[in-house]
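Chain naming follows the written order as A, B, C and D, and within any one chain the residues start at number 1.
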């Protein structure tokens, strides 16, 4: 059985030895170990992939022992994950289709190891793409008046399908705390700028006006403060005076879809840990 | 005789034809022509390299004719430049040596076709490097009280040596309007961030705190608003959670020196034009 | 009427002036002009976008005059293009779907201004994607024995639909001279390496074995020599010892689809010119 | 006392636990641990930074115990390193000065934590730079006839100064096995192409001829096969049809110096391990 364990706690001497010893004692084999210490806050992070090939291995007793022998002693926040069942991912979209196409193509190819129970949109425009890929599409319009109600409907769908995480694939609405609080560090957004430059609306217009020579895209976990959550992935591309705003947008589309897909894959592979509004991204 | 002509004016039909016709009439050969129209403001920009190989060619009469036949008619702002004499560049530094070393190494190698009559610094630390490369070094300390006086001393040096443009190679002082007004779009600064993100002091610390995955450097012309002048050149490099602020600074040094050197070369080759607080960078 | 004119000829004094003069005389307005001289071979290249807004403008008489007044005189190879009708693009694929998905998504979004009369494949695997996007799919198997026959079938389809250019979107067969000769500099291939490194089969395996720290993708026009045609576009991404061949392939997929799409767009916009087995790529 | 331990051996269960346990037993604290398993060859690599702050700690008895309790048992190849004394680096140069200037500037700034007992060159041209930085310069001309003799002279200098590693900073001579065998994986070269493309002489000319859109630089350990040793670091920059060979060379210089400096720093920080003609580069 393949497992991934994520741990963070105050940095203390002997943790790696203790954890690998416990895995060893349970006849597990450490396949990959990556570790990081945040020197500012003295917090220790670790990600371990292990194989447990013995027949008697019980994940439940492993967990109980881990809690008792390690987590209690070192005061760890920890979790253990298995590859199956696949995490359930909800897609929120509006009118732009490039990120949606890209994620669904990867999903169809088997590159993205998730289930996608549904797509939610505040507009009807992308329904044909959902149909094209055979994914249920829920049109939930959002207006100032209907926002609270719309979010209740969203939450109900999220709960009903036991969604694990949400991807905002150019969803052009601000997600309210009601939803964020239910999915802490589990909502992934793509912002079409090199954050923290050009947070907020119309970043390509702002970048054009400022005359930058490079534009970017940023994927981050959603927190209450707009475009200020922990950054998962960023990438950039060059622009010049010859490019119009329309060119910025076209070049940006390619950035956005690649950066968002990378962030989603990192999340699915349990390679992200969040602390202090920053991410540790394991390799 | 090799010349470079820079032109900007309102966009009008027939300009390229008129200018190339005038060059042709003067028995010149267009070696390279690059042109750009800013669609927002309908401003036309052009850079032309031409050779005039006939013996009777007179730059003075060429200029007179250009003004009369073209510039007056199309309401052009224009200038003509020759490779000789080399432009005179003043270097302003403080305590960081990487940009200074890099520029002086390029100067010594003949890569940078300028004269460097002197280096000004508000600290004494880098004097040995100036001596190492045989460039006069003027130590002009700057305090709140002495700032006005210091800038008078700087201006005097700049005038005395007929300086064409200034490079702030990590000069850690804000340059006041008194100097900027005398060198409009002729003071090149290197800022150690991907502007407009992290303008102002300590950008690497701010980038670290924000948890970005990419850091940058920006070279720009200095205007009165801090770190807000026309951007000439930008570049970036990736960082991760494994990098400390010290690592950001070390990685940034390499960006800064390369980006500043590129900007200086573009300026020296007359490949930059400024309009609306943005640059046109010809190739 | 918007037109794009492409010209190449031996470099001679006065060409730009002559061509812009002719456009001017026909009451056209030069919207964009880009020019290049290959110094090694003394060949002049030019791309001009012009608007002809007068009602009496006749493309036929413009062409006749251009040939007589300019092309004959300067010995030019030249062509003039209009935005309508859209060029007809044939897609050749095999089993990999990422480039196909990406191109069809862009086509569906209106980003790619072409017609796609059909997809040809030597395998049946990607037929569902063709159906999903409503594009006719022709399964033409290729074996050693059937290759000549298969190519006849391909040629017939290409002719019947008056195809303008072909995109090999990870088509895993070598295209023979019979087809290449009919589409000179009109077949665009994507090779999954940073050419000329790792030409031929299994480039990711070769890159892994060599221990490179960067992998790339290259889009080029197909010529008789395998993977040696004029390069249109290249891009790269970093890899490390932590990446397996499978990781190389996954990272490479994102490169391949972006690089191929960029090359196709450059071709469609008439921004590529080929000379001496190299490309001039206008901005 | 700060130490860095490098280990490689066949992959076996329990190694991390055993090594961290041994460090722990010696009252050491693991500051950073990075590990990698080459799945093809089943070889395990580990780099551990540890602090031993107790006064009684003896590096000699630690080594003895490590060999007996761990290395013999797991059949490890291993080494332990301390920060002091700094490694001794010899510089070999010819006529190009950019890498030399860059490395000496970093050395002077304290960025490069090495000693540089001398510079060897087969030409006299760069002697003034050595003098400028106060480093002894040995002019050892190399001709076909004198090559064996010249290498004896080089070896004598290398031995006399107990040189730890050699940096070929654009040294334009092939280093013979006599020297390579004495410095296995301890000679760092910078090649001015994106290897394996354009190995051998005049890579920029070859890149220009091929019409590539990206050029690169590669730093690698020198082995007997020319330009085929384990790659430490690579980087690239974009070029276009507008760039001449001279432009390629100028852009390449900036790549070369940055890539070489990064490789040297990785080597000095013991972050490189070599196996199977490839490198593991720890972060």
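The criterion applied here is as follows: a contact is a pair of C-beta atoms (placed from the backbone, for glycine too) under 8 Å apart; a residue touches a chain by one contact, two chains touch by 3 or more.
Heads up on the chains, UniProt names are A, B, C, D = Formyltetrahydrofolate deformylase.
The structure presented is a predicted model; accordingly, all values stated were derived computationally and were not measured.
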item	value
Farthest chain relative to chain C (centres taken as mean CA coordinates)	D
A-D compared against C-D, more contacting pairs	C-D
Interchain centroid distance [CA atoms averaged], chain A/chain D, Å	37
Computed distance of Cα centres, chain D from chain C, in Å	42
Residue list for chain C, restricted to those that touch at least two other chains	240, 242, 283
Sites on chain A touched by chain C in the complex	97-98, 101-102, 105, 108-109, 111, 132-133, 240, 242, 250, 253-254, 258, 261, 283
In the complex, chain D residues that touch chain A	13-14, 16-17, 20-21, 23-24, 29-35, 37, 238, 283
Chain C partner contacts - residues on chain D that touch it in the complex	36, 38-39, 194-198, 210-214, 216, 230-236, 240-242, 244, 277-281
